[in-house]
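Next come two complexes built around chain A: one with chain B, the other with chain C.
Up next, the complex of A and B:
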């Protein structure tokens, strides 16, 4: 077989593979869309290969790569059966991110993405693959959300996906320009170490950097010596990606504004689980301690640490314990806090304005009454949701799943010491039940009309 | 034993002594509460076992990391997640374990009895046994659904399939610990159905060399 004949055979193989995936039940109500999208792409690539001259090696290479990418997308289906991840959480995640992740296409100025979910390996597998480039014929962008398989029920930790929503937004044509403008004008160019690559490297290599950072940079120094010795002058040329660092900072802000305090808690929990020292300098990620400090400062500025009107007592004590422990994760030293409160406030205001335009993406703090009700349910080991029996008839209310997550995090500090896995299961159960309540409320409203 | 009337049930729920959460309108009967189907289904996997044999459970409690034991346990049932507005087809003669949509906590002085709702029973859908829920139990309730009819039944999460009635327990002096930390059963604090330990302390009646 020549390369063209081989690719034609591979197209047939991919078609069979795609059909085979329908043996699995994947995602709720999206199976057909995902299948059609992959099928359209396959038809397009097959036609392109058919029309390519066998001697056009560049054309064959290009289409071969497209076919490989498509096979990658299809193979994800096999790791995405419904039982592998928390579908109630995913339903709610889609709900808050669909509007802000729409994009302009020829068919529709607000084309929603197709969300595809699969379970990945290890704690650091949380991700949303944004699919920045795709074949021309595709109708929808596919956003692939990845959850660690082991953390299936740990919905409190899933709040970290707010950060990944940030990547999905950043990689969309609709928002990148605006987001860049906000970050540059309000944060990076208004003072601090992210003015340019040089200032960031100077901050990293400065005398007041923590000893652990100095030690790590010293280890890195000779790591690339087959090319060059790593110094502050070439740090962002041969080791780290400066733009990726800035993207991480933006995505942390988006995570905070979409998931609120639960994001900060998940952020601290997971980052310190992966990098216990909090100091690690990564090629794509700035030091953990710097990121955690930034999120804690932003939470303080947003007023997340208090709930208006919450009286003294058990709930306030538990809330204070929760924030006390989070603040305990703060790294000391001015090096970790290179931005002023004013800068952080300005960037938050502008990002909040943008996110507010795409409801229900934005997180809002719960009212004290709701917080109290959810708290009392959860510490009694009842899934916290919008149901009460104050009169002789049940009273049902819609509750934002992010409030359920927040109360879950607060309850981890309650004196009853309900284990973390049980709190997660109760919250996951509550999110599922709340979807049922919301379905009931919306259907009865429709019937009443 | 006295069954609780609707008024008494509502009173106990309002006092948060009895939890059935959430309740949607029309779930409260004159002396019972309707229970809705939850979003997981376990069905015995055809071909996984030739027959149910208590002997197979002999080593289960002592060898918790044994490949064959775990495989047998995991492959016994097919597990399906059924989100709202999706359905599950229960075929004639088949048995499915489904959780209730509701989370239930019983106080130390009440026992619950779960039975099928008669309107579904008339279609052939039965709760295989009338399940007793012990005082102090906390969690979902597992409904053992069987289709006794001749045609398949399509089931959707949220449907009211069963009902629970509550009875006062006549407690003796030594029974005061009911409900202090669940009911002590293997199913306490369940979030979804699971297979039970079939024989527990019945070993003396199981032949050793089988």
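Up next, the complex of A and C:
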């Protein structure tokens, strides 16, 4: 076979592979959507390969790359049928993401994405992979959400995926335009170390920088042959991606505004679990301690640390312990806090306005009455949800799954010391049962009309 | 260890040339019924025009929120879109003259929609779009 014939054969193989994937279930109404999407992509690539001259080696290589990408995507979709993830959490994550991730396509101003979920290896596998805009050879964007396999039922930690919603919406051109304007005008260009690449590098290499940062920069320089010439002048040319750092900061804010305090808790817990030193100057991620401090400052500014009207007592004590531990993760020193409260407040206000336009993406603090009910249920080891026994009939109420997660985090600091994994399972059950309650309430409302 | 190391370069210039060439050929017979996959180049061009409209070309693959960065992944020297953006700017000026970028993009996107719906296109609109794709292709060559 020549290369063209090989690719033609591979197109047939991919077609068979795509059909094979239909043997598995992917959730209601999903199979048809992804099959049609992938089939269109395959048809286009097959036609292109058919029309490529066997001597056009560049054309064959480029179309071969597209075919490989498609095969990778279909493999991930097939893997998603294994279902090794918390489906109640995923249902709710999709619900809060769909509206804000809906985008304009050629023939439909409101095209929702197609979601697929699978479990990956290691704690660091949490991700949402939005396809790139350039040459995506598609109509519907396919968002692949990845959870760590070992943390299947740890729904409290899954709140970290709020950050990934940020990456997903950054792909929408109109969102990117607005988000970029907000971040630049309210944060990056209003003072601090992100005015340009030079000022960020100067901050990183400043005398005020913690010794651990200085040590890490020296390790890069002395241990890696390719970074022998690394200095602050070429840091963002040969080592790190400045735009990626700024995107990460934006996505942390989006995570905070979509998941609230649960995001901050998951952020602190997981970032420090992976990088206990709190430093880690990464090619694509800014230092961990800086990110954590920024989220703690933003939570304070948003008033997340208190609940209006909550009286003195067990719940307030537990809430204060929860926030006390989070604040204990704060890195000391001005170097870690390069933005003023005013800058952080301004950026939060504008991002909040944007997210509020796409309900139900935005997080709102629970009322004290709800918090009290959920708390009492959970510390009694009952799934915290909108169900109460009254003297007559059971009373059902809608509860946002993010309030269940928040109460779960607070309860991790209760004096009864319910183990973390048990709290997670109770909250996962609550989210699952709450989906049923919400469906019942919505059906009852429809019938009443 | 994989059996071969392949250095993949960005496909964008190559693919957008292909898409523009196909869209230009569809313009000659806009009412001809085509398969669903024929909309793939039109959709990609539409998305490119949206990137151009909003100057929103940031499109790099990002690793997960907790990903342990690979220090061997260096930032790329060139932006993938530099040549494409210049080609779009030049083609808009040649095909649409002094009209604003937004109006030119609106008209081009409407032309792409009419092609996708196999609808007749006004001669003046068709000529401008044809000129746009010709210049865009020339700039990318």
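The rule is simple: the second predicted complex is superposed on the first by the 431 of 449 C-alpha atoms of A that agree within 3 Å, B and C clash if a C-alpha of one lies under 4 Å from a C-alpha of the other, contacts with A are read in each partner's own complex, and residues count from 1 in each chain.
The criterion applied here is as follows: a contact is a pair of C-beta atoms (placed from the backbone, for glycine too) under 8 Å apart; a residue touches a chain by one contact, two chains touch by 3 or more.
Everything quoted here is computed from the prediction, not taken from an experiment.
Trainee: Check chain A with both chain B and chain C modelled on it and let me know: fit or clash.
Mentor: Verdict on chain A: chain B and chain C fit.
Trainee: Looking at A:184 after the superposition, I want to know if it touches chain B, chain C, both of them or none. Which is it: first, second, both, neither?
Mentor: Neither: A:184 stays clear of chain B and chain C.
Trainee: So, does A:123 touch the first partner chain B, the second partner chain C, both, or neither?
Mentor: In the superposition, A:123 contacts chain C only.
Trainee: Chain A residues in contact: does chain B have more, or chain C?
Mentor: Per-residue touch count on chain A favours C.
Trainee: When the two structures are overlaid on chain A, which partner does A:283 contact: first (chain B), second (chain C), both, or neither?
Mentor: In the superposed model, A:283 contacts chain C only, not chain B.
Trainee: Just chain B (first), just chain C (second), both, or neither: which does A:212 touch?
Mentor: A:212 sits against neither chain B nor chain C.
Trainee: How many degrees apart are chain B and chain C as seen from chain A, counting from C-alpha centres and rounding to the nearest 10?
Mentor: Spelled out: centre of chain A as vertex, angle of 130 degrees.
Trainee: Quick one: classify A:393 as touching chain B (first), chain C (second), both or neither.
Mentor: A:393: touches chain B, not chain C.
Trainee: Contact-wise, after the overlay, does A:433 reach chain B, chain C, both or neither (first, second, both, neither)?
Mentor: first
Trainee: How far apart, in whole Å, are the nearest Cα atoms of chain B and chain C in the superposition?
Mentor: The answer for the closest chain B-chain C C-alpha pair is 27 Å.
Trainee: By the touch definition above, which chain A residues appear in both interfaces, chain B in one complex and chain C in the other?
Mentor: none
Trainee: Once bound in the complex, which stretches of chain A touch chain B?
Mentor: Answer in residue numbers: 25, 28-29, 82-83, 87-88, 91, 377, 380-383, 385-387, 389-390, 392-394, 396, 422, 425, 428-429, 432-433, 435-437, 439-440.
Trainee: Under the definition above, what is the set of chain C residues touching chain A in their complex?
Mentor: 8, 10-12, 14-16, 18, 35-44, 46-48, 50-51, 53-56, 58-75, 80-81, 109, 112-113, 116-117
Trainee: Show me the residue ranges of chain B that touch chain A in the complex, using the header's touch definition.
Mentor: 10, 13-14, 16, 19, 21-25, 27, 36, 39, 79-81, 83-86, 101, 103, 105, 138, 157-158, 189, 191
Trainee: Considering only the defined contacts, which chain A positions touch chain C in the complex?
Mentor: Per the stated touch rule, the residues are 40-41, 43-44, 47-48, 58-59, 62, 65-66, 104-107, 123-127, 129, 132-139, 146, 160-161, 163-164, 167, 170-171, 173-174, 176-177, 180, 220, 224, 226-227, 236-244, 247-248, 251, 255, 270-271, 274, 282-285.
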